[in-house]
Amino acid sequence: MFTYLIKRLLFAIPIALAVTALCFSLVYLAPGDPLSAVLPSDASQDVVDLVKAQYGLDKPVPVQYLLWLQRAVTGDLGKSISSGRPVAEEIGKAIGNSLLLAGLASTLAFTVGSALGIAAGYRNGSGADRAMSAIAIAGVSIPHYWLGIVLVAIFSARLNWLPAMGAGPAGSGNWTLDHVQYIILPTLTLAAMPAGIVMRSVRALVADTLSRDFVTGLIAKGMGRGAIFRHLAKNIAPTALAVFGVQLGYLMAGSILVETVFTWPGTGLLLNTAILQRDIPLLQGTIFVLAMFFVGLNLLVDMLQPFFDPRIKRT
Amino acid sequence: MSAASLLAEPSPKQSSYWDDVARRLLRDKVSIACMLLLALIVLGALLAPWIAPGDPSMGSVLKRLKPVGTPGHILGTDELGRDMLTRLLYGGRTSLLMGMAPVGMALLIGGTLGMVAGFRGGLVNALIMRTVDVLFAFPSVLLAVAIAGALGAGVGNTLLALTIVLIPPLVRVTESATTQVRSLDFIEAARASGAGDGTIMRAHVLSNVIGPVLVYATSLLSVSIIMAAGLSFIGLGAKPPTAEWGLMLNSLRNAIYSQPLLAALPGVLIFAVSLGFNLLADGLRTAMDVK
Amino acid sequence: MSSTVVTAPDFIVDVAGLRKQFKVRPERFGAKPKVVHAVSDISFKLAPGATLGIVGESGCGKSTVARLLMGLIEADDGDVRMAGLQLSQQPDQLKAMRSKVQMVFQDSYASLNPRMSIEASIMFGPVVHGVPRDEARHTAHDLLARVGLEPARFAGRYPHEVSGGQRQRVNIARALALKPEIVIFDEAVSALDKSVEIQVLNLLQDLKAEFKLTYLFISHDLNVVQYISDQVLVMYLGKIVEIGPVQDVYERPAHPYTRALLASMPSMDPWRRTQAPPIVGDPPSPIDPPSGCRFRTRCQFTAQACAASEPLLQAADASSSIDHRAACHMLAATAGTWQPLIADGTEGAA
C-alpha cells in the first residue's frame, strides 16, 4: 500500500507541473503582447518598465515561467486589472462561496443519485427502473444554465418564493438561516447533472454486482437483505468514492455557468468578470487555483482508494 | 472434399455486424424518435434561409418581446423585436455547428492518436497518453473557458477550444478499445499475411474499434452542444448580433420576469438536441451489445 | 550421422540453434529480472513434401517455435532457412518470406476478423502483396471450393455464421491464398470435434499432395500427430528431446519423456497397454530449468551425469540406419526396456 501511495504522489507531481505550465501559457495565447494583457492600456512608461522588470518579460520564456511559478506558489498571483486588488485576495473571498455551493450540490447529487441508482439497480429492468433511468438521462442532458433560468422563472419570477440572484446581503461571511434561501436554487441547478451521472453509474454498478455469482451464493447461504446490502455497499464503495470526488472537482471548477446565472459570488463569477474585462491576471490566477484544486482533489481520492478497495495490495 | 462439409445449412444469412446493428437500432422506438427529432432540428437549421418567416437581424423596437402566439410571430419576438422562430432556426445553424464540428474534428484527431497509441504501445503510447493525462487534469469546462477566454470571443476560437477539450477523452476511449483488439489472433494472422502496421490498422483495427468509439462520440455530442451554447452564454463563442441559442438565452435573461416562456425557448432546443443525442447513444450501445 | 528418408538433397526447412528468451518484469524495484527460457537451441531439417509433427506438453515452447519460424516473434539467436530464403526481421525479406510460409492458428474464431466477410479475409493476404482485387477474389473462391465450402454460399458470410470446422477450413484457405510452400499448423485441429477433426486432417493430406506443400504440424495430441506426420519432434521445456520418423519413434521411443507421453496416449485398442510408469513430480518452471538435462527431476533413469551436463542429440539405436535421435545420457540403460504391450499381443518387447 505504501508503494501505491508513493507512486500516486510521484505521478501527480509532473502532471501538476504541466498544469501550471498550461496556466502560464494562457497569457501567450491571448492576442496581443503579454504586457498589454497584464497592464491597463493607459499605464505610464515607468509603470510599464517596472512591471516589465518585475515580471521578467525581457527574459526567455522558461525563466519567466519559473519566476511566475515561484510567485504563484507563495501566493502572489499578480494584480487584477479591473479591480486593482491582488488576485489572490479576490480569489480568497470567492473560493469559500464556490466551495460551499459545490459541496452542497455534490452531496445532494450524490445522495439522491445513489439512492435512485440503488433502487433502480435492485429493480433492474422493471418499469420503475426505466422511469428512474429516464429521469437520470434527462438530468444528464439538461443544460444547467438553462435549468437555472427555468427555476428562476418559476420560483422567483412567477411564485416569488426564492431570490433570483446573489448570496444575500452578507455574501460570504455570516451565514444565517435567512441566507439559506439564496443557496437553494443554485444548489438544485448545479446538482441536476451530477445526480444523473451518479444515478446511472450506481445503477449500472448495483445491477452488475447483484447479478454476480457471489451474491447468489450469499442468498443461498441464507443471508438477509440487509446483510446483502452491506456486502453490496462494500463492493461499490471504491467506485462511489471516486465518482463523488470527481463530481466535486468538476462542480467546483466548472461552476462558472451556474454562478453567472445566479450572480453567485464565487470563483466562477470571478472568471466571468475576468473574461468580460479581458483581465488576464485574474483569469490566469483563478484558473491556476481551480486547476490545482482539481488535481489535489483527484490525488486525494486516489490516495483514499486503498482504504475502500481491499484489492489494492496492503503490505 | 467430403460430403459432410455440405451438410444442410439454413439459408445463407450473409449479414454483416453492421447490418445487424442497423436492424436492431431501427427496431428501437426510442432511437427512431430521437433520430427523427434530431433530423427535424438539423433540417430546420440547414434550411433556415429558405423556411424562416422573417429576417434574423431585423428587429423593430415597437415589437419588443411579443409573447408566443402573436399573429405574424408565432413564437414571439426577442428583446430587439426580431422574430423568435427565425432567430431560433438561424441560431440552430451556429449552435449546431459549434457543437458538432468539434466532435467531428476531435474524433478524427483523437481517434487516430488513440489508435496509434493503442496499436504501437511502448514509447509512442506513453508519450501520447501522458500528454492526454495532463489535459485530463483540467475539468473540461474550465479548460474550454480557459482557452476560449484567453483567445477571445468568436466562433472560430470556440471551435478550437472545444476541439482541444474533446480530444483527450476520445484518445482514451480509442486507445483502450485498440489495446483490446490488438492482442486478438486475427491481428496476428493479418501480420502473418505480410501486412504492415498501417494496413492492419486501417483494414482490421478500425472496423472493430469504431463501434464503441462512435457510441462515445455520440454522447459527447450532447455535452459539446451544451458547452458550446454555454460558452456563448457567458460571452465567449458567438458574438452578437449572430443568432445562437446560448447567446439568445443570455440576452433574454432580463425578459424572464415579463415573458418567462420566451426567455426559456432557446434552452428548450439545446435540451432537446442534447437529450436526443444521449438517448441515441444509449440506443446505439444497446444495438451493438450483442455479438 | 545417417541421412533421413528423403530423395531431394536440399532441405526446404533448415533450422539451426533457434533460441528465444522472454524477460519477466520483476515484482519489486531492483529485483533481478527473471528470464523464461522458452526455446533453447532447436535445430532440425525438413525435406520438401514431408510433414513434421511437433509434440510436447503445454508450455514446452512449441507454439513459440511456430511464431519464431513465422517471424511473428524475433529470435534471440539462430539461423533459419526456409524455401530458399533466410528468415530475417528486415521488412522486405520478411514480406517475401510471408508468401512462402503461412500459418493456421488454433482458435478458429479469434483468428478471423468478425467484421470481415469470409472472402474478404481470404483475399486480404494476396491484396497486401499486390494482387488485383478481382484476381484475389477469384483465388479466394477457388480455394473455398477446394476446402469444401461452396463459394456461392460461403463467400459472403461472416465468421459467426459458420461452424468451427468450417471456420478452420476458411483459415486453411486463407493460409493457402498466398500460395506458400510451407504451412505451419499450430494446434489447428485441437479445438474441433473428433468427427470434424478427421475430415480436416484428410483434407490437409489431399491439399498437401495437390499443392506440393510441406507441413509443420504442432499438436499435443499424439494420435493426430501419428496420423498425419512423417517425422516427429518431441519437445520438453524448450529443448528437443527426440526426433525421428514417426513410426520408429512411436514403436521404439528412446527418451524417457517420449515413453511417458506415449504411455499416456489414449487408444481404442485394448491390446495397447504399457507398463511404463507415469511421470512423477511437477513440471519445473521454464524460468529456472534444472541444470543439465531438464527432464532429470522427473525421470526414473536419472543419474549423476544427468545433472552435470546437457545431453546432446545422438542416435537412439546405433545399429540402425534410420535417423532417429534422442537427447539422453542414459540411452544405453533405457534401450531395450520399452514394452509397448503386455499379455499376448502380436508385438513383444522392443
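Brief remarks follow.
Each chain gets a letter, A, B and C, in the order it is written, and its residues are counted from 1.
Just so we're on the same page, a residue touches a chain if its C-beta (ideal position, glycine included) is under 8 Å from a C-beta of that chain, and two chains touch if they have at least 3 such contacts.
Please read all numbers here as calculations on a predicted model, not as lab measurements.
Taken as a contact graph, the chains are arranged in an open line, each linked only to its neighbours along the path. Using CA-based centroids throughout, the chain positioned farthest away from subunit B is C. Chain centroids computed from C-alpha atoms place B closest to the centre of all protein C-alpha atoms shown. Rounded to whole angstrom units, the spacing between the C-alpha centres of subunit B and subunit C is 52.
For the pair subunit A and subunit C, the distance between mean C-alpha positions equals 59 Å.
Centre-to-centre, using mean CA coordinates, subunit A is 24 Å away from subunit B. Those residues of subunit A lying in contact with subunit B across their complex are 15-16, 18-19, 22-23, 26-27, 29-31, 137-138, 140-146, 149-150, 152-154, 157-158, 164, 249-250, 253-254, 256-257, 260-261, 271-272, 274-276, 278, 280, 283, 287, 290-291, 294-295, 298.
The residues of subunit B lying in touch with subunit A in their complex are 133-134, 137-142, 145-147, 149-152, 222, 226, 229-230, 233-236, 246, 249, 253, 256-257, 260, 263-264, 266-267, 270-271, 274-275, 277-279, 282. Across the complex, subunit C is touched by residues 1-2, 4-6, 9, 12-18, 184-186, 188-196, 199, 203-204, 207-208, 291 of subunit B. Considering their complex, residues 70, 72, 91, 94-95, 98-99, 102-103, 105, 107, 110-117, 121, 124-125, 128-129, 146-150, 153-154, 156-158, 160-161, 165-166, 169, 171, 174, 178, 195-196, 199, 202-203 of subunit C touch subunit B.
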